[in-house]
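The data blocks that follow each hold one structure.
Look at the two complexes coming up: chain A is in both, with chain B in one and chain C in the other.
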Partner chain A sequence: MRESTLQLINYIMILALLVTLALHLAMQAFLGVTGYAQALSYDTALARYREPLSVSLLTILLIAATYHGLFGLRNILLEFRTGPRWDTFVTSATLGLAVVMLGWGLWTIVAAFGGF
Partner chain B sequence: MVVEVDRVEPTEKVIHVSVPKEATAEKTILLRVYRHNPNVQGDEPRMVTYRVPFTKGLTVLDALLWVKENVDNGLAFRYSCRMGICGSCGMLINGKPMLGCETQIAELGTDEIEVAPLTNYPVIRDVATDFTDFFSHHNRVKPYLIRKENGEGKPIEKELLQTEEQKLDYYQFTMCIMCGLCDAACPIVAMDREFLGPQALAQAYRFAVDSRDQGWPARKEVVDSPHGCFRCELAGSCSAVCPKGVDPGMGAQLMKREVLFRKTSGT
Partner chain C sequence: MRDAIVSIKKAKAPKKDFITTQVAWGFRKPMNLEKLALLAQRVSGVGLLVYLFFHIFVTGSITSGEQAWEGLMGMLFNPLAHIGELLVVVGATFHGINGIRVMLLELTSLVGHPIRPDYPYKTQMLGKGQQSILYTAMIMAGLSTIAGIFFLFMGAGA
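Now for the complex of A and B:
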């Protein structure tokens, strides 16, 4: 994939991150809860995972944060050394890390949503 | 042959060279010059201090030439036009990439001047550096007009008209004299040897937005690569050191915009 495509996706992810993170923090802090303690209680957290809107928000947040973070990490690592083998290794490693992070995160969301 | 890529720090040992009898100026300055020949085994990098007679209008290049003519004719540095046109005499002057011929000693505000080879370039000898990678990156972006009807590299036979507005799109980037100061100041070039660098990116943009050029497909392959324009992190030091007032940092950002615009618009 071309660098411009990766960069374009990154810009979209940044926008998604800004919106979803703001909503996520708002929901945790003052939407539908009466205080800090209640926001962190097990039942409140689980209830949040059972609402389709909240689940969608968390999924987008997870994907956007994972992409944005790993894209930045890849850029940093690409500057440390040079050579096509290093480039391929870094891209493959960050891609692998993304699969693990997304798999783990999505499984948590899906499992909680499905009531497993 | 260049054998040194990562710069070896000079020793603290300072050799003072006395002023020859011919020097009769009332005021003198101390010129500390990096001396090292990587091709000679055992020749350690060192700073050598010369006392140079100061005259009004004396530039750093003049001072180096004075040393070469009067004290040590083995001192190596590159220069040609002596008037800020050729871009040959780029060097670190008191830690900053500058042109030796355009830097007047009186403007530096000190009597102790330190001259060293440009950073991010291998040393050939003393202050002279190797520009092979720099010109290689420059050539990779195909810094010339490409016309479909003629084929790349062939001379353009017909007149290609252009409006004043179209010329202004790229005009400032034509002022580049390829002195390489921008690449010497760039922190990404220091980290990533394959990064095209601010000079090459600015030149890629200069031709990409030239209304007469049709070489975007070929040029895109180079600038839209893992070590192309998106590697630039806009430190801005390239633009700060340019002796011709070009803004290569902006050129790199405009190049990014151009790549994304052409990608999304399908042009």
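Now for the complex of A and C:
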């Protein structure tokens, strides 16, 4: 894929991330909860994995954060050194990390939503 | 004849690791605000990615049942972990607002006008619009620190 296309996707992910992360942080502090301790309780956390709107928010946040984070890491590493072998290694490593992070995160969301 | 042979060794440049090079670049003269902002953006970005990696696996424990979840949360509900979470909130706030500035720099005319490179050279600084957003990022990061302390350490609303 062309670098310009990857960057364009990155811009879209950034916009999604700004909205979903702000909501996610608010939900840990004051939105729908009385405090941080309550936000971390098992019942509250599980209820968020069972509610479709909250599940959609978590899914978008997971995908956007993983893409943006790993794309940024790839850019930093590609600035560090150049060469086709290094490029291939960095791209493969970030793709591998993306598979692990998205795989585990999405599995958690699907399993919790479906009642394990 | 033998004495005339001179061994030539390849001069070795001192090796510096990636992190040292990056930090040294940020503080090398001429120093300016955008270099430090870029350094802070990268440090906070990598920090947030490391946090995200562990966060995904920690929250995955919800599928193991209430006992596993409560055990893990009990382990993580302490002042040291709260300091880490505070750093995440501050890092995310700064990274987000400074990131908006960088996006505007790339996509709009907020970059400011270039100056002629006459001697003695002056460092090209950000335009006023850009500087304002950067200062906003710093102020918001400061405010999120206060809010973080309020919610994490003072048990606001609990």
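By definition in this document, the second predicted complex is superposed on the first by the 116 of 116 C-alpha atoms of A that agree within 3 Å, B and C clash if a C-alpha of one lies under 4 Å from a C-alpha of the other, contacts with A are read in each partner's own complex, and residues count from 1 in each chain.
Operating definition for what follows: a residue touches a chain if its C-beta (ideal position, glycine included) is under 8 Å from a C-beta of that chain, and two chains touch if they have at least 3 such contacts.
Just so we're clear, the structure is a prediction, and the values are computed from it rather than from any experiment.
In the superposition on chain A, contact of A:Y36 is made with chain C only, not with chain B. With both structures placed on the common chain, the touch criterion links A:S54 to neither chain B nor chain C. Of the two partner chains placed around the shared chain by superposition, chain C is the only one that A:L46 touches, whereas chain B remains out of contact. Residue contacts after overlaying the shared chain place A:W104 against chain C, while chain B stays out of touching range. In the superposition on chain A, A:I14 contacts chain C only, with no contact to chain B.
In the superposition on chain A, A:T94 makes contact with neither chain B nor chain C. Note on chain A: of its two partners chain C and chain B, the one contacting more of its residues is C. Once the two complexes are laid over each other on the shared chain, residue contacts for A:T82 go to chain B alone; chain C is not touched. Within the superposed three-chain model, A:S4 lies in touch with chain B and out of touch with chain C [touch as defined at top]. Comparing the two complexes, residues 80 of chain A contact chain B in one case and chain C in the other.
On chain A, the positions that touch chain B within their shared complex are 2-8, 75, 78-80, 82-83, 87.
Interface residues of chain C, counted against chain A in their complex, comprise 18, 42, 45-46, 48-49, 52-53, 56-57, 59-60, 62-63, 66, 69-70, 73, 77, 89, 92, 96, 99-100, 103, 147, 151-152, 155-158. By the touch rule above, chain B contacts chain A in their complex via residues 188, 191-195, 224-231, 256, 259-260, 263-264. Across the complex, chain C is touched by residues 11, 14, 17-18, 21, 25, 29-30, 33-38, 40-42, 45-46, 49, 62, 65-66, 69-70, 72-73, 76, 80, 97, 101, 104-105, 107-108, 111-112, 116 of chain A.
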